[in-house]
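In the part that follows, the structures are each spelled out as structure tokens.
Here come two complexes built around subunit A, the first alongside subunit B, the second alongside subunit C.
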Partner chain A sequence: MIIRQVTICNFFCYLGENKFAFDEGLNIVSGRNGSGKSQFFNAFYWTFFDKIYTEDNAEKKKKWTDSRNVAIYPHALIPVTDPGGQFTTSVSVSFNADDYNKPAYSAEEPVTYIFKREVTFRNTDRGFSAIIPAELSIEYIKDGETFILSRGEHDMVLDKIFPKSIRKFMWYQGETMDELYNFSKVPTLNAAINEISYFPKYDFMNKVVIAADKSINKKIEKELAQQNRLTREQNAIYNDISFLEKTIDLKEGQKNELAEQLFNLEDEMTRTEQKLEGMDQFVEYKVKLAQLEAELRNVKDKIDDIDINTKERLINTWMLNRCDKLIKASGPNLEMLNAEIQQQQAHKNPVPMNLPGPEYVEQMLNDKVCYICERPVEPESDAYEALKRRLNDFELNAQVKLLQENYTELNRYRKKLLTDLPKINEEIAENQTKQDNLIKRRNALGKQINNLFADLGMEGRADLDTRATAAQQNVQKLKTYRADITAKQKRLSALEQELMSQKASLFEKKRVRDGFTKADQSNLVESQAADYITLFLKSISVLKDRAYDTLIAELEQESNRLYALYLDNKQQGRITIGNGVHVVDVKTDLPLIDLNQGEVVAQKLAVANAFLSLSERKMNRSYPLIADAPSSDLDAVNTYNLTVNIGGSFEQIIIMSKDYIQFSDHDLNKLIVEANVKHFYRIDNQYIDPNGGTSRQNRRSIATIIK
Partner chain B sequence: MKKSLNDSLREEFAGVLAQPEYTELAATKKLDDMIVRGAFEKLLSSDRFLEAGTEDVEKSRSEFENYIINTLKTRRH
Partner chain C sequence: MKEKLIADINKKKVWYGNELLKVRDLFSRKEEKGFNITRADDKFFSNYWQVYAWAAIIGFINGKRVTGDPLPNKTSFEFQVISNASENIANALVLMAIGKMKVISVDKLLDSRDILTIISEYAEGGAKHVLELRETPGYDAKFNFAGDYFEEIFERA
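Let's turn to the complex of A and B:
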């Protein structure tokens, strides 16, 4: 397929009619950021598939979006279109491709197609809106005669010319390369092998000859049965074969179903992982927010603790805060009290202190009898007076004891206060520092939370919970998928074991059957036909296996050739294709997992381009590669090498890139010659009115033909 | 004229048949080269294979098998 001409009219930054001619080989559209290269890429995609690659506000990432949701008209037309006025946006692409009416992969001469998508916008009260949705028209020119295809045929023709499975290899944005070309995933590799290689044809032929083998042997059995030439044992062998074939068919069906389920699950996993790429930030925000809020609550609690608990603990002491001098001054008074107590305790009394208590002494005085010596105690006698003094002593002692206790307590408090009061000030200062630090932390946390919300934006803030939940659900889905895949892989492995054993048994039964049918029934035409089918059964099976091995070997060879070319033979590794695609060290064969971005890009491009290149060589089925920013991760040297070498892999390639503006005129001219560039356009975004300001309404893209 | 997919497949099939294992099988069973090539063309004739279902396999099987049987019957008569 060769794209011949693209005409862009009033599409994004392209004002009026802009024509670009292309030819076989390498074509380049160069320009700085914002010059309109990506809109040029979008012009193709819009024409064929009515989609625009643009940022999705909700998911904050670029994706293919229906064009009706995107303003594709030039902003420059807004100020110059009167209310009620209208203008038309259109893109037309003409190219040569296989006749969609002919069988696929034929070697017939290509025909010309003109795909044109057009939409008319009107300036209404609510802004610019399409009068009717964008419409596609397809013209088909064969042998000088033009046919216009009906709308009903559009999808069929599009699928035929741009098979869905190939589209992603033909049209890509550099930034989407990771998800498109992740050949390290086995399903992606297998899908590519099935869809852009000739291996599936052998697979199909193999199924046909297996079916033919079964069928012809049933016919032989029927013939023999009709002629009553089968013994009981031979009948049993046929029955066994029939039973085994049915069982194997059933299990093959289950195996295929399981393999398809596995493929779908892995595909679903990839899609879920891609969904998560846009949403995992919300989980991060949510987790971060939860952490910050928990810490904030904790800090606030600590501040409250200091305010309440510490104050409560110190409140009594605080009341005497700054009373140190007074407390110290109470020392002499306490000494006086102590001296008084000592003095009171110093008096002498002849009545033994071990006398019973004051009640007994009082009783003895009342009864005038000493109950200790059993003698009478006359009033005003010495003994009587001594007992009276003892009674006083008791009262005095009680008072002295009280004084003693008060003195001890006062003294203890005094000492304690004199020790504690200086520490209180330290503790108060310490708590104040703690509290200040906590308040600072609280404010910092508040700020972090506010910043986080600011990062999220109003919309993100409102949807944070919903999106974080959705992301968590996706994480959960991934877990379920993984568990499901493991279970299905086990089941698949068990099925394969069973199949292997049953196939061995079938092989043995068939060997016995062939022994008696060939020996006795060589006259049957079906028996003779079975010999032919056996030849096909063996040879097609070999071809199928060999085709796969050959294909992998050729893919590896072509991938490595391109890989070396793109990196100017400075590659560290070698591409291996088998269980996925990997790069291994050229010497040790150990997997290289820390390749630089340039090498990763070169590897992915090399493998994808090897597929397209082999598709062209083996299947006579070529597609143009329309690439936006394929070299965005490469340095100047690798960009140069990639450009010089990429053209040779394809019948046609159109590259849109900013990476050529870094070359001097001399280097660029050298590159154009060396890379055999057929057409080189430079796109510049210019101001319509030099004094009209920087608004998008004053800008348009202009293409300059460099070659 | 470019080489088509079927041209590539014919070449590879011829390459396999040229191997001793297959030449011996053809000689032992007295297989006619013309019938072998004709039957292979029947296998090639289906252009639905990527998306082929059971019906497509059955249709190709029928054409392939009938071609061999009918050609052999015609020869016998």
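Let's turn to the complex of A and C:
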């Protein structure tokens, strides 16, 4: 398949009609960032698949989007289109490819296809909108006659011309290199082998002889049965063979179905992982935000507590700051109180202090007898007076006691206050520092939260919540896929075991059957034919296995050749293909992980390109490789090597890249010669009016033919 | 004297003068039956005893005392309201008042009404001092904000 011409009209930065011619071999479209290379790539993809590779505003990540969600018209047309006015955007791609009607592997001449997608925009009250959705028309020219394909045939023709399993590496963006098929997965590798290699031919032949073998043996069985020449045991063997064949067929069907389900699941899982790649940051951000908010809440609560506590402390204690002197001034008066207590306690009395109570003393005075010494006490006597004074003492003591209690209490309060008050200033300062620090932390947290939203380019947390929820859903999906895959793999493994045992059993039964058919019924024509078919069966089975081994060896060889070329023979590993695709150390054969990005890209490109290259060489089916920034992960040397070497592997390659502007004119001319570049275009984004400002409305892309 | 001084003081009503009344209305929320905080009111003090004690302390600290005032507001609250809320403040007020007493007898020293009167005289003096301060140019909003109270307390010499 060779792309001949691309005509882009009013598409993104391409104003008016822009024609690009291409030929077999290497074609390069070079330009700086923003020059219009990616829109050139989009022109292809839009034409064939109605999709645009563009940044999703919400996810801040580039992805394939339906073109109706993207303004694909040139902004330069906005100011010059009157209200109600309209213009047409179109891209047409003409190329030579196999006739979609011809049988596979026929050697007929290729036909010319013209794919054209067109949409008309009108300037309405609500801005520019498509009058009707973009429509694809497909023409093909065969033997000088032009045919127009009906819309119903479009998908079928597209699938035939661009097989789905290779679209990803036939049309790829350097940025989406990660999305290339992951050939380390066996089902992915097998799908590619089945769709674009010569192996299916051998597989098909093998199936044909298996069917022939079955059929001839049925005939023999039928013939023998009609002639009543089968014993009961021989009949049982035929029945067993028939049953086993049916069971094996059924199980093979189940196995293929399971394998396909596994393939789809793994594909789905890869897609989900890719989706998650752009979104896992939201989960991280959400967790971070939750932590920040929790801390902020905590800090705010502490500030509130301090506020309340501070006021309480102020009113209940701090108000007394510096009142120590005034409280100390109560000292002399309290001392006066103490002196009074001392004085009142200084009374002398011969009557002991430890008498039971005033009633006891009163009784002694009434009875005029001292019950302590049992002697009479005469009124007016010293002893009588002493007893009377003791009676007063009780009253006096009560008063002294009260005074003492007051003194003790006031003194205790005084001491406590004189201990507490000097600490107030320190306490206030400490409180203030604590509060200042918390306020600083609160402000810092507020700033961190704002920065987090600024990083995400979001207004509020609702957006983040939505994204994080979507990401979590994808994580959940991944878990389900993984569980599903594990369960299916177990089932597949069990099925394979069963099949192996049943095939062994079938083989044994057939051996017995062949024994008695050969011994007794060799005169049957069918039996003789069966001998030849068995011979075919064996040889084609060997042929099929050899074809597979050869294909893998060729793929490995071609992959490694390209891998070495892309990495300028400095590769540390070797690509092995078998149970998936892996890179092993060139010396030790140990699997290499953690390859650098350049090596990973080179490996993926090498395997994908090896498939395309083999398809072209062995099956005469070529696909153009249309790549946007394939070398974006490579350095200048590797870019040079890739360019020089990639051309030889394909019938046609069209590369769009900014990586050629780094070369001097001399190096570029050398590269053009060395890489045998057929067409080299340089695209520049220019101002329409040199004084018209930098707006997108004043820009257009212009292509210059370098070669 | 049949009771301890502090117990006796606690039972007595606090009397205060009209300057304090003005300060009270300026800086304390109205005490209403059932609750004492009206939502719309964001004055610094939430109870009358607080503004009374604060004014008294200002009076003591600045040596501002209004003697001979009839202290006509006699029914506001008992001294135990202060003791119950902050023993420190109540005891400090009593001790500062005792420190200011010039008496020759213990009976006079432990006269609870005399002590309360001294506290109220300083409260009146303190209230007057605050009102005068607010009349000074540039200080008309003094004590309208919480920070002013902290400043006054923290910066006392």
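To be clear about the criterion, the second predicted complex is superposed on the first by the 560 of 707 C-alpha atoms of A that agree within 3 Å, B and C clash if a C-alpha of one lies under 4 Å from a C-alpha of the other, contacts with A are read in each partner's own complex, and residues count from 1 in each chain.
The working rule: contacts are C-beta pairs under 8 Å (C-beta built on N, C-alpha and C of every residue); 3 or more make two chains touch, one makes a residue touch a chain.
Quick caveat: nothing in here was measured; it's all calculated off a predicted structure.
Undergrad: Looking at the overlay, does A:A529 come into contact with subunit B only (first), subunit C only (second), both, or neither?
TA: first
Undergrad: In the superposed arrangement, does A:L403 touch subunit B (first), subunit C (second), both or neither?
TA: In the superposition, A:L403 touches subunit C alone.
Undergrad: So, A:P200: does it touch subunit B (first), subunit C (second), both, or neither?
TA: After superposing on A, A:P200 lies in contact with subunit B but is clear of subunit C.
Undergrad: Identify the partner contact of A:A211: answer first if only subunit B is touched, second if only subunit C is, both if each is, neither if none is.
TA: In the superposed model, A:A211 contacts subunit B only, not subunit C.
Undergrad: With both complexes overlaid on chain A, does A:V70 touch subunit B (first), subunit C (second), both or neither?
TA: The answer is neither, since A:V70 touches no partner chain.
Undergrad: Check whether A:V542 is in contact with subunit B, with subunit C, with both or with neither, and answer first, second, both or neither.
TA: first
Undergrad: In their complex, what parts of subunit C are in touch with subunit A?
TA: Residues 1-6, 45, 50, 53-54, 57, 60-61, 85-86, 88-89, 91-92, 94-96, 98-101, 103, 106, 109-110, 146, 149-150, 153-154, 156-157 of subunit C touch subunit A in their complex.
Undergrad: How about subunit B: which of its residues touch subunit A in the complex?
TA: Against subunit A, subunit B makes touches at 1-9, 12-13, 16-17, 21-22, 25-26, 29, 31, 35-36, 39-40, 43-44, 46-47, 49-50, 52, 56-58, 60-61, 64-65, 68-69, 72-73, 76.
Undergrad: Subunit C touches which residues of subunit A in the complex?
TA: 310-311, 314-323, 326-331, 333-334, 336-337, 340, 399, 402-403, 405-406, 409-410, 413-414, 416-417, 420, 424-425, 428-429
Undergrad: Which part of subunit A faces subunit B closely enough to touch in the complex?
TA: 103-107, 194-195, 198, 200-205, 207-209, 211-212, 215-216, 525-526, 528-529, 531-536, 538-540, 542-543, 546-547, 618-621
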